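Each of the next two complexes has subunit A plus one more chain, namely subunit B in the first and subunit C in the second.
So, the complex of A and B:
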């Protein structure tokens, strides 16, 4: 029986494992955390349909439950990957016939953009923090109060040479619009301002959601990037930006600032280049064999990619790549 | 008093905390479609008045939404209501209606 090791137990990895199992392949799924689910475990609802993230995860977990030929190893990281063998952090070596890398991405650390005051001022939070607040049902200011004015800043750690992140993280714009609407649901009296450089609404229903935020929820979109945040004596955050569409500087006090943090390539991707002879893009994400006809294949035969390890992707795209990578691996096994 | 030729410039920044947003909220409340503006500039590019004067419809309504009303009424008076902007707006905003609404709301500014 052929054996494929899937590295990464997020949505792409879980989908890939389930597709491989259907084809009668033996699968080992490696997850470095104690639970499968990846980044989605910390997300509340998904754009543009407000589907609970948990709904997607439980469906994926259900597909894997009780599978005879599946071994899930949580708390284990792969340190070396070849098409024949994967070495774990414990030192254990697993033989295989192919490997799928579905290790995803790292959230950008907002503290690096010090001018926005994350980790310095209360009430400066990231989009990921906000999702957890939504999940807990506790969207509150540090002092327990309700926010009256909220600013959401796009492109934190994306399209920014100053922090070595030139790429667009793709999903933050839509997340910003989604979170603005969710905040308006919670606090109908609050004013929400989104500060953006460009708005990128690339998927079905996204542009519609943007217009809905503008005209039905009265979310204010200001084209201009916040330059700095400072505290005021009355416990607010003073933000400054240019309102580029009027050509004037703009400032205001807000109660809460949400930073839409981008997707950063994993630091460990450079290890894959060194130890597995794989290729990396200038952005740090892995380089697929071909952007059109081989986007789930690597430059090494028998090693495949699925999901955000090759570029920022949304959940649907990652799931599709899980399926595509499984298909590509099965074809590879049949040829061998 | 001797005039030394010095003066103090007024701050150019739009200060959302100081601006009275009541009129702005009323305008958006009456025609929420104005918020759908994506700043493409089609209205200004096609504007008959804008080709002959400094009139910039996009900029004026954006300033009004931020609570900057000074001179907005006079600016809107430059509009000849030809309606070309409405024909080209990709977001389907009734731009001519917006001109009339801003003039009605801000006549006393």
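So, the complex of A and C:
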């Protein structure tokens, strides 16, 4: 029986593993955290349908539950990958016939954009923090109060040469719209502002959601980036920005600022390049063999990619790549 | 004030043997600061520092006003470094923030474009016959005080504590644009949450207060002030900062930069004269100190004879009283030889109830 090691237990890795198992392939799924699910474990609902993230994860876990040819090794990090062998940080070596890398992305650390005061000002949070607040049902200010004015800032760690993140993280725009609507559901009286550079609504239903945010929820969209955040005497946050449509500087007080943090290339990618002869793109994401006809294949035969390890992707795209990578691996094994 | 990142911005600051470059304007507006810096380094801390009468202006004011070309300022700076080498020093420390910004900028430029360094060497040699080496260490004088802040705290005669209440004094710090906004990694704490002055204040018992316009420029901005028609921009910036900090009730402002100290102090007088507005808790102005004056006060230097604080536009006596410092009010306007140097007219900013020139009543 052929053996494929899938590195990364997020949505792409789980989907890939399940497709491989269907085709009678033995699978070892490696996950560096203690639980599978990846970044989606910390997400509340998914755009544009408000499907609970847990619903998607439960379905994926259900597909893997009880599979006899599956070994899931959590708390296991791969340090070197070849088509024949994967080495773990513990030193253990696992033999295989092919490998799929589905290690995803690293969330941009908002503290690097110091001007926004994340980690310093209590009510400056990230989109990831807000998802967890939604999940816990505890969207509150630090003092326990309800926010009355909320600003959401797009492109924090995306399209930003100053922090060496030139690429677009793709999903933040729609996340900002989704979170604005969710905040309006929780706090109908609150005023919510989205500060954006461009609104990139690329997926089905996204543009409709953006329109709905404006027409039904009265979410304000201001084209301009926030330049700095400061505390005010009455415990609010003062933000400075430029409204580039009116061409005027803008200063306002808000209770809460949500930073839409981008997807940066996985911090571990450079190690992979060094130890596994794989190639990286200038953005730091892994380089597929071909952007059109080989986008789940690497430059090394027998090593495949799935999900956000090669570029920012939404959940649906990551799931599709899980399937595509499994299909490519099976074809490669059949040719051997 | 909560900070998380200042330790990420650590710079190397030499511990001893400094070549000192003075500021063009500080000796006029805060004349005791540079003198007491030399005294603190030499007498209190026992460090070696050389005050070289041969060095000149770095020409930064002219450079930022577009009257001194880049090649010229590079040659002038190269001469300063040559003088340092000739005096046998490797650690350069400048009293002026703009100079510090200039030195930092030119060192970075020479590193990035070595052909410009070669050209500068050639220009200096042709003009003066001198050669120079890049300093081993470059620090602003506030960096040097920051570096020795704990030693100063140990030798201090008092803390930055309100003698009436026992509470830490509330301090607004202003580092100046050219300290770290251009090269954040060359400033202690970076540019967003700088720690060079805050570290001194915290080590000496005070409390730093944050406020919305903390990072805003004081308004000097060279052409904002040097071109007379633009001076409205200058005072508007100081006004914005003062309005923003006043609700935090600071006991004093401490500045890093010659221009900032001057404008935040003197524009308070102008605003009071123009609008009748003052920003201090006592109905007067908020005293503005240099970091050397702040260090000098806690080390027990005399506010008039040693620190020259009679030159401040906003009277410092209310702050001296809060600190529990004993001083001779009559000695305030006596010069170094004991001769009376004259006294300014009473002004709104210092508690006069009526403006004598513009007839503004409090």
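In the analysis below, the second predicted complex is superposed on the first by the 336 of 336 C-alpha atoms of A that agree within 3 Å, B and C clash if a C-alpha of one lies under 4 Å from a C-alpha of the other, contacts with A are read in each partner's own complex, and residues count from 1 in each chain.
One rule holds for everything that comes next: a residue touches a chain if its C-beta (ideal position, glycine included) is under 8 Å from a C-beta of that chain, and two chains touch if they have at least 3 such contacts.
Note that this is a predicted model, so its numbers are computed, not measured.
In the superposition on chain A, A:218 makes contact with subunit B only, not with subunit C. Shared-chain residue A:231: touches subunit C; no touch with subunit B. Of the two partner chains, subunit B is the only one touched by A:199; subunit C is not. For subunit A, the partner touching the most residues, choosing from subunit B and subunit C, is B. In the superposition on chain A, contact is made by A:114 with subunit C only, not with subunit B. Of the two partner chains placed around the shared chain by superposition, subunit B is the only one that A:252 touches, whereas subunit C remains out of contact.
Contacts of A:243 after superposition on the shared chain: subunit B is touched, whereas subunit C is not. In the superposition on chain A, none of the residues of subunit A is touched both by subunit B in one structure and by subunit C in the other. Contact residues on subunit B toward subunit A in their complex (touch as defined above): 12-17, 28, 32-33, 35-36, 38-39, 58-59, 62-63, 65-66, 68, 91.
By the touch rule above, subunit A contacts subunit C in their complex via residues 111, 114-115, 117, 119-121, 228, 230-233, 238. Against subunit B, the residues of subunit A that register as touching in their complex are 199, 211, 214-216, 218-221, 223, 240, 243, 245-253. Residue ranges of subunit C in contact with subunit A, taken from their complex: 2-5, 190-193, 210-215, 247-248.
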